[in-house]
Every structure is written in C-alpha cells, then in structure tokens.
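You will see subunit A twice below: alongside subunit B first, and alongside subunit C after that.
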Partner chain A sequence: MTMTPIAIPKRTQSARLENWSRAFYRFRQSWLSIVGLAIVVLLVVIAIFAPWIVPYPEHVVGGTNTAARFQAPSTDAWFGTNALGQDMFSLVLVGSQVSLFSGLAVVFIAIVVGTAVGAIAGYFGGWVDEVLMRITDLLLTIPSLILAMAVAAALGTGVWNMIIAISITWWPAYARLVRGEVIVKKEEQFVVAAHALGANWLRILGKHILPNIVSPIVIKASLDMGFAILTVASLGFVGIGVKPPTPEWGTLLSGARSYMPDYWWTAVAPGIAIFLAVLAFNLLGDGLRDVLDPKARR
Partner chain B sequence: MSLEIQNVSKIFPGPRQGFFGRGEGFTALDDVSLSIRKGASFGLVGESGSGKTTLTRCILRLESLSAGNILFNGSDIHKLTLLQMRRLRSRLQIVFQDPYASLDPRMTVHDIVAEPLVIHGDVVNMTASRRTERVMELLLQVGLRSEHMFRYPHEFSGGQRQRIGIARALAVNPEFLILDEPTSALDVSVQADVLNLLHRLQVELGLTYFFISHDLGVIRYICDDVAVIYRGKVVEQGPVAAIFDNPQSDYTRMLLDAMPDPDPDRSPFRKIAAV
Partner chain C sequence: MLLYILRRLVLLVPILLGLTLLLFIVARILPGDPVGLAAGPNATPELIAQMKREFGLDQPLPLQYWNYLTGLVSGDWGMSVFTRRPVFADILEYLPATIELVFASLFIAVVAGIPLGLLTAVYKNGPLDYATRTLALGGIAMPRFFLGLLLQMAFAAWLDILPLSGRYPLIESPPDHVTGLYTIDALIAGDWSAFQIALSHLALPAIAMALSPLATIMRMMRSSTIEVLQQDYVMTERALGLSNRLILFKYVLKNAMTSTLTVIGLYVSWLLGGTVLVETVFDWPGLGLYATQAILTQDFMPVIGVTLVIAIIYLVAMLVVDLLYGVFNPKVRYA
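After this line comes the complex of A and B, so read on.
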C-alpha cells in the first residue's frame, strides 16, 4: 500500500473560541454581573496606577500637612482630609493596592493548599482522607477571624504575616469543596479509562480530574474575594495587619473611629471603598456562576 | 491460550454492622472459568447485573479477586508488580460501553488518542510530532478524518466517539482488546458500522477480542466462542454455532427464545393484521 504523506491539520482553537463567546453571552444576560465586572476592572486599574494618579503622593508615604487637618470634602480634597491633614482620596486610592493584593494572595494560597489537600484526601480515601479531613474540620470549627487574629498576633504585623494568617483559616473550605468534587469525578468512566491505560495517580488527578473541577473552584474563589478583602480590612481595623503610614482601608477606618460623627468623611471614604470592592466581587462571582454552573441558576 | 480465567470469585463486602461486623457480602462472580484463544473472538453474554462488567474490571485489575487466578499469556495478572502491570496494560486494552462518559470532555481527540503513547512513553518512545502522526494514522484506521484531530468529544456523534475510543485502545498496538458492550449505546444503524470496523481491525491487526454483550445477535455475528453468565455463574460455554443451535441449559434457551426474529412475517405486531 502506498502511503501519501498526510497533511496534519492546523491546531485550530475555533471550538474554544466559540465556547468563550457563548460564555460571555451568558454572562451578559445579567446586567449586575457587568456592573460587578466593570467595578472590579476599575479597581484593578486604580490599584496598579494609584501611585501616579493620586493628587498628593507625598501623603501616601507618610507626609503630613497639619495646617489643613479635618477639611471637609471640597474640590481641593475630594474626600476631605484626616487628623494629620492627609488627603483621604489619595489614601483610599493607594489603599486599594494592599486590599486587592492581600485578597488575591489569600484566595490564591487557599486554592493551592486547599486543592492539594482536598484532592489527595478525596482521591486516596481511607485513612489519608480521615487524617486530612479531621485536620480540616478542626480548623473549620475555630472562628476564622479569631484564629487569624491569634496567628497575626503571634507572627507580628505586616502584609505577609497577615496574608499567611488569613490563608490558614481559609484553605479548609477549599479542601472540602475539592474533596467532594474529586470523589464524584473519581468514579467517572473516563477516569477509569485512564486507570486502565496505566496512568499513575498524579496524571489522573492533574490531567483528568482537576481540569474537570475548575469551575466550582473559580466560582468559590470569585465569591470569596470580597470576603477576603473584608477580612483583611477587619484585621487592619483591629490593629493587626498593615501599619501606618502604608494606607489600608481597615486601618484608615479604625483611625477615623474616634472622630465620628463630626469628621464623618474620614470614615465614609474607606468604608465606601470596602463596600464597593466586596459588592463588585460578589456580583462578578454570581455572574461567573451563571456561566460556569448553569444548573445552579435560579 | 491468550487469557485464562481460573475459578475466579468476587465477593463484595456487605454493609457494616456494628463496630466490627459486616453483613453478608454480594457474590458478583462465582467460580468463573473461561479460556480465550489467541486471535479469536470470545463472547460473554448475560443480563444486566450478571457480573459481566465486574469480570472486566477484575481482568484490568481495577478490582481485586476474592479467589482464583487470571492468567494473561501465562502470567498471573493479580500477582504482577506495579511496573510489570503497567507494561502489561499496553498489551491489554479496553473499549468502554458508554462513548459519552469514557472520553475526557476537556481533552482534544488528539490528546485522548495520544494519551496511551504518553503514558507508555518509556516503551513506545516517540517524539511529539511522531505521536501526532501516529494519532493521524489511528484516526484514519478507525474511519475518522484528519480534520477531527483537534476537536473536543462533545462535537462528535455516538458512533464517532466510539471510534475515538477504539483508536485510543489501539494506540499502543495491544494484542488483546476487551470490548465492554461497545455497541449497546449506539443506534442500530451505527452498530453495524462499528461492528464491521471491529471485524476489519481484528483481521488486519490479529487482535484477540473479549466481547461482552447482552445482544445475542451481535455475539453471533462477531464471535467464535461464547459463554453465558447468569448471576455470576457461567451457565454454558462453547463454540457459537453449538450454543446457538443446541443450547444445553434452560437459561440459554430462554435467552435465545427472547431474541427477536428478523422475519417481519413472524412479528407479533403483525398477528392482528393477519387475522
């Protein structure tokens, strides 16, 4: 038999592209998701470019102007000034950096640790599962903010210590989610097929099971982002976390507490920032859930 | 003999009772002995729940045995080391019943068919571009076209998916193929295509088939030998012609009687009109 050389087709991404456009269509069905996405994008842009767009960059690194303290919002200082005469607008804008970065880092670490623990527990079962899930249960029984405060107090203040402290309380939820999904997928026929082909456990988990459970993890992550930002702010508020002069929404709010209600703008500006960030990430998460998990729609 | 199943039993443990006790187990396979000749097609017939799929899982060592041995070319599958077992898996492949569930929805056809080549890379030893050529060969061999290569399973019909499953099974040049009801999830018209493909591949590649089905017509069409299994026990086994023409056990006779007759004049639906 003569074999003419066969032309290998180009690796087209058309199917994938089509899926993306279909996903975006479903996302657009709810205008709230679009609002969420818009605010999140805006927040990210602000966080990245904040040091260059703020009107008083010197206030952000600790500069003060006591002559202009407690000025009400005006065209000069949009959100007013605080007890040290610093421009609240500049502080809040730059404060988004710490909040967004910590929120992302917490969720990222939680996903990595939680997925590893949950996947191994769910895949192997037996005593491995028992040991790992009892540790997880134990961490879930402790109120997360209290544990985070204890850890942060033990490690000392600082952005990274705060991130580690929150992550420790955060990963068990992911471990549980992933374990459940892995147990379901483990029985799927294509996983059995991979077994029969001779694939080892790392390949089965990494190539067949995990790619098929990305959706619930992404949905949970986007819904969690808002809560992570809130937790970061809470730790800042109680004084563990980022130290001044680095601006952070929780810390700013805590500093404004003693000047309420006379100088309300010092509290309202960071408060609204926290509110907007949490709301936006929740709306985005809802939208993503509609796209990735259509069965859960109302 | 290619595959020897000797006195295999499989008892699934019963529900937990109290702290240490267990309820009575379920006997899925009871003293099953079969021998499958090299290059032949061996059919296994039985109703749902009779232990057909458990037997395939035991052969693939996805399930441990309660008693008995399974010998493949003389070596006991359940006594091999993990490395030896991995080597053996490249010679013993399976095509699953449900072509919708047995292909990973997140992988392209290329990646699905190439996977055994990657897993057995230490034996096969192919570069990525050589693997792609091999995938192409396989797709053409099972009657798919080259432009199907980078699509996802959901873009195919049931029959096409089953062809993908067959291509995956053939990738590492196995000598023995377990076909776990490969056509039962397909349309009747597509069933014939897939059966003819399987027959052609057997002739071309000299494969041994272990063909599981509950469709007696399919078994008669493709198999040389057949065994009838009922509630985990082999009721009868022998050459297809002998069993179909002269069944010895009541259960086999019952199965044969339940087979629809292709002659439309003898259809029960016609009776009323004829009167």
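After this line comes the complex of A and C, so read on.
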C-alpha cells in the first residue's frame, strides 16, 4: 500500500514574515505615510548626530559671536544668525533633541501610567473603577496646557520637570482608552479559561489581556507624538521649560519674537522645524492606523 | 426637557466640587513660594509672616479649603498675590476679551469648515478636495503661535493693513461697556468706525486660532457626509427624483452634523485653554495672558480661578452640544 502524497502549498515566507510584508504593503499604499516616515527617520538621525554634524558646535553650548549678529541667510549660515550671532542652522538642528526626546518621554510615561490605571479600573470594576475614572474625568475637564504650564512653572526649569508636567495632563486619555478595551476583552473565552486554570489577576492582565489591546494604544501613541512635540514647543514659547543655552524650538521662536519682522529668519527656521516634525508624526500615525486598524480607513 | 437641563446642571455641582479639591491639592503639593516672590528678595521674615496671614496661608489646609469653598459661592475667589486684587474681579475683567476671541475663531471655523466639508464630500477626489485636504493636514500640524507670528509679519508689517497686536488702540476709548465684547458693544452703540477698529484687531488672532479647528471640522464633516450619502434613504430620495440640493441641505446635512457637533463642543475647551499662546503673541488682554502671568509668578489663586472658569464653560458647552443633538436628530430623547 502506497501513501498518496498530499499536496501542501509551498510557502516561500514564514507566516510572521508574511504578516509583516502585508502590513508594509498596506503602509506603502499611501505615499503620505512614506513621506511621514522619511521625515521622522531623518529627524531621528539628525537628533542623534546633531552635535557632530552642525557647522558651529560652539554655538549650541552657549558660545556667541556678537560680531556676526542678525546675518541674513547665506552660504555661511544657511538659516542666518540670531541676536547673539549664533548660527540658527546649528541651533535648530540640535533643538530636535529636546523636542523628540521630550515628546517620546511624555507619550511613554502617559502610556505606562494610563495603561496601569485603565487596566486596573476596567478589570476590577466596582468602586475601584468609579474612583479611578472620576479622577480621570476631572483631569480631562481641566485645560491641559494651563495645568501643564502651572506644574512646570512650580517644579522649575529643566527637561524632566517639563516632561513630568505634560505627562500629568496626558495619561487620562490613555486610561480611558485602555479601560474601554479591557472591559470588552475580559469577557472573552480565553480570559475565562485562564481564570478557570487559576491564573491571578496580574497574569491575566499582563499575559492575556494587554497583549491583545496593543494596537489601539500604538495607534493613539503615534498620532499623539506630533501633538506632544507641539505641547513641548508651546511651553518653551511661553517661557516655561528648557532654558538657554540648551536649544529648544519653542524657546528659539519666542526669543525671535522681539526681532520680527526685520530679522524674520530667526523665527521662521524654528517655526518650520516644529511644523515639519508635527506634520511628519501625524502622517506616520495615519499610516500606522491604516496598517493596524484597516477598518478605520476612509 | 427642562427637567433634563436642570438635572444636568445639578450634576455639575459634584464635578465642580471635585475639581476645586483636585486643583487645591495640586496647588499645595507643588513646590513654589508665591508670597516670597511677591514680597521680593529683601523681605523680612516678619513681613512674609504678615503677608501669609493676610492671604490666609497660615491656617491648616482643610480650613483653607473650606474657606475657599465658602468664598467661591459668595463670589470671593481669593486674592491674587501678584496683582493684589480679588481674583473674581480680575477674571471678570479679562474674560470678555477671551470669549470674544474664542467665539470669533469658532465662528470662522464653523462657517468655513462645514460648507467646505460638505463640498469636498460631494466632489470627492476633485481638485477642491485635494486642495482642502492638503490644507487640513497642514492646518492641524501648524503651531498656533507660529501662524500668529507669520500673520503678524504678513498683514501688519509688510502689507500694513491690520494692527500688529492689542485689542483696541490705547489712545482711544473702547465702545461703552455692555457685554465687554468690543465688536458687539460697537454694534449696540451703532458706532460703525469703532466696530471696524475692533474687528481689525480681532481678525489676525482669530484666524490664527481658527485654522486647527477649521481643519478638524472640515475633515469630520467630510467623512460623515460621505457616510450619510451612502445610506439607503438617500438613494430612495434620488430615485424619487428629489433635486441634489434638496437632498443635501434638507436630509444629509442634518444627519452629518451630529458627529461634527461633538468635535465643535470639544474645541470650545481646546480653544479656551489654547488662548494662552495666541494671546501671548498678540498681547490680547484675556484670561490666557492673565493665567500666564499668574503661572510665571506662581500665584495659584488666579490659576485655580481661570481653570475653574474654563472648566465651567467647557461643561456648559458639552451640555449645549447634548441639547443640540436633539435639534438635529429627533430620535434623541431626554429622560
């Protein structure tokens, strides 16, 4: 008796690789997402290598050159020079460090705190849920920029103080999101099964529920990055947050205000930098949403 | 309906109580010494102790909170350590400027955003659609303060057709105080030139604030109109031979409005909180400038007061939005 061989379709790729290539295919469908990704990659590269590639590294750490004040953009100084004779191109390039790092840190802290609060509220329900969600709702009614400004001003200047201040206003939105997802997921069969096998709540939340709600969090985080960068720049603009000589886009823009419109380049360079960074992260976020949540696509 | 409004208003009380408690705790946990800042570097310990007594800061915290709460109800919102004036009087003085700015920008955003959203949905993928979608992408990413600076540069400095900043020329007296909104007051007084002056000052800050809500409202309106246009009843109406215009304005618009309304309501709070930036750029004497100054001097009573006012306006705006749902969708019942 001979066995007839069963025809198994040949796979050239593993399943996981296939998923990735399908995701990348969907991402590629919109050229705007590609543009966003390209600018974000460029920004990250600039932020990492800025101190070594800028033409005037001494200006970035506070050095001045008052003989060359307010030079218009030229081949020497691409974006011109400011009131202290510092090269705007160097300042704007290094300014990407504070913006990207604080934006990332704010979103990261907000995800950690918001997920913890939302998961616990959604999983336990009852009075735990009531108390945590009422606090969350209260924070959501407070104008976030004013609260962030007040906290940052009270904590004093410094990148970390600014990050903490913004994060305080940022986590409630994640708590709401995660709570809603957890409430849906905890009724699923696999959670009931894990329960029946005697898993404790920490294991159920960490191993079974949270891995299943990663994509809405990632979508929100990527759409939030641009907004976080914008908020960091806003705090800098009103004079709270990072203090010179550390270059920061919002602070640079605020310093340029008094010299408008004659020395317009001192404002235009950091302004466009903020605009481009926010735009790039928004485009990337839209692209990631298309990949992770195809139903939301219009 | 009236009962529903009353119940919602009563529900505001615990929310506001919680809010004051939260703000009070935040204000007291934070480091910072407003009295020390206000008294100056040469103040003696006696002077600081006396000032603390004056502002009631020497009492235990729960008592301070209780005093603050009872004061709130009677219109005593505490004293500003910096301006040495009652916070409530300060807020009343600065609030109209902010209200005028917020509603002017909301007006621009709604009046331009809703028709543009409708048009782009009807002529989907046409040139207008691409143009406005590009504008919307840029509009959301554009920092308000940078846009404000660019507008100042273009219209005030180079073209010189609009004033650079401020709310009214300092050498002239604004129209008689009725509402505190200069444009409205000028109209009430029938003073056409005062109206023009007030409007010319209002134009640039209002546009700077309107771009982002305009872009969002347009996107929201576009997507919800596209969704409604695919409904069966629209096809039935088409089959019955109704004109496109009638279908669009009588049936589609109303149904597409509900989700856009939510966005508009949320923007009231976003705009109120965001006036800080635009008011700084344009030296607009509103709540945002007042709050910024209070924050920079760590003067927390005004900060709590401003936050409370904005929160109340936001909560009322959400109530109005909920009531408007019923206007656009009779299926919504208030019980």
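We take it that the second predicted complex is superposed on the first by the 285 of 298 C-alpha atoms of A that agree within 3 Å, B and C clash if a C-alpha of one lies under 4 Å from a C-alpha of the other, contacts with A are read in each partner's own complex, and residues count from 1 in each chain.
Here, a contact is a pair of C-beta atoms (placed from the backbone, for glycine too) under 8 Å apart; a residue touches a chain by one contact, two chains touch by 3 or more.
Note that the structure is a prediction, hence the values are computed from the model and not measured.
Once chain A of one complex is fitted onto chain A of the other, the partner contacts of A:282 are limited to subunit C, with no touch recorded for subunit B.
Legend: residue contacts after superposition of the two complexes on their common chain; A:38 is shown touching neither subunit B nor subunit C. Using the contact criterion defined above for the overlaid structures, shared-chain residue A:274 touches subunit C, although it does not reach subunit B.
Note on subunit A: of its two partners subunit C and subunit B, the one contacting more of its residues is C. Of the two partner chains placed by the overlay, only subunit B lies in contact with A:211; subunit C stays clear of it. Once the two complexes are overlaid on the shared chain, A:149 sits against subunit C while remaining clear of subunit B.
By the touch criterion defined above, A:239 reaches subunit C but does not reach subunit B.
After overlaying the two complexes on the shared chain, residue contacts for A:128 are found with neither subunit B nor subunit C. Across the complex, subunit C is touched by residues 32, 134-135, 137-139, 141-147, 149-151, 153-156, 226, 230, 233-234, 237-240, 250, 253, 257, 260-261, 264, 267, 271, 274-275, 278-279, 282-283, 298 of subunit A. The residues of subunit B lying in touch with subunit A in their complex are 60, 62, 85-86, 89-90, 93-94, 96, 98, 101-107, 115-116, 119-120, 132-133, 136-137, 140, 146-147, 149-152, 155, 165, 168. Listing the residues of subunit A that touch subunit B in their complex gives 6-9, 11-12, 15, 188-190, 192-199, 203, 207-208, 211-212. Interface of subunit C with subunit A (complex): residues 15, 18-19, 22-23, 26-27, 30-32, 137-138, 140-143, 145-146, 149-150, 152-153, 157-158, 223, 226, 269, 272-274, 276-277, 280-281, 291-292, 295-296, 298, 300, 303, 306-307, 310-311, 314-315.
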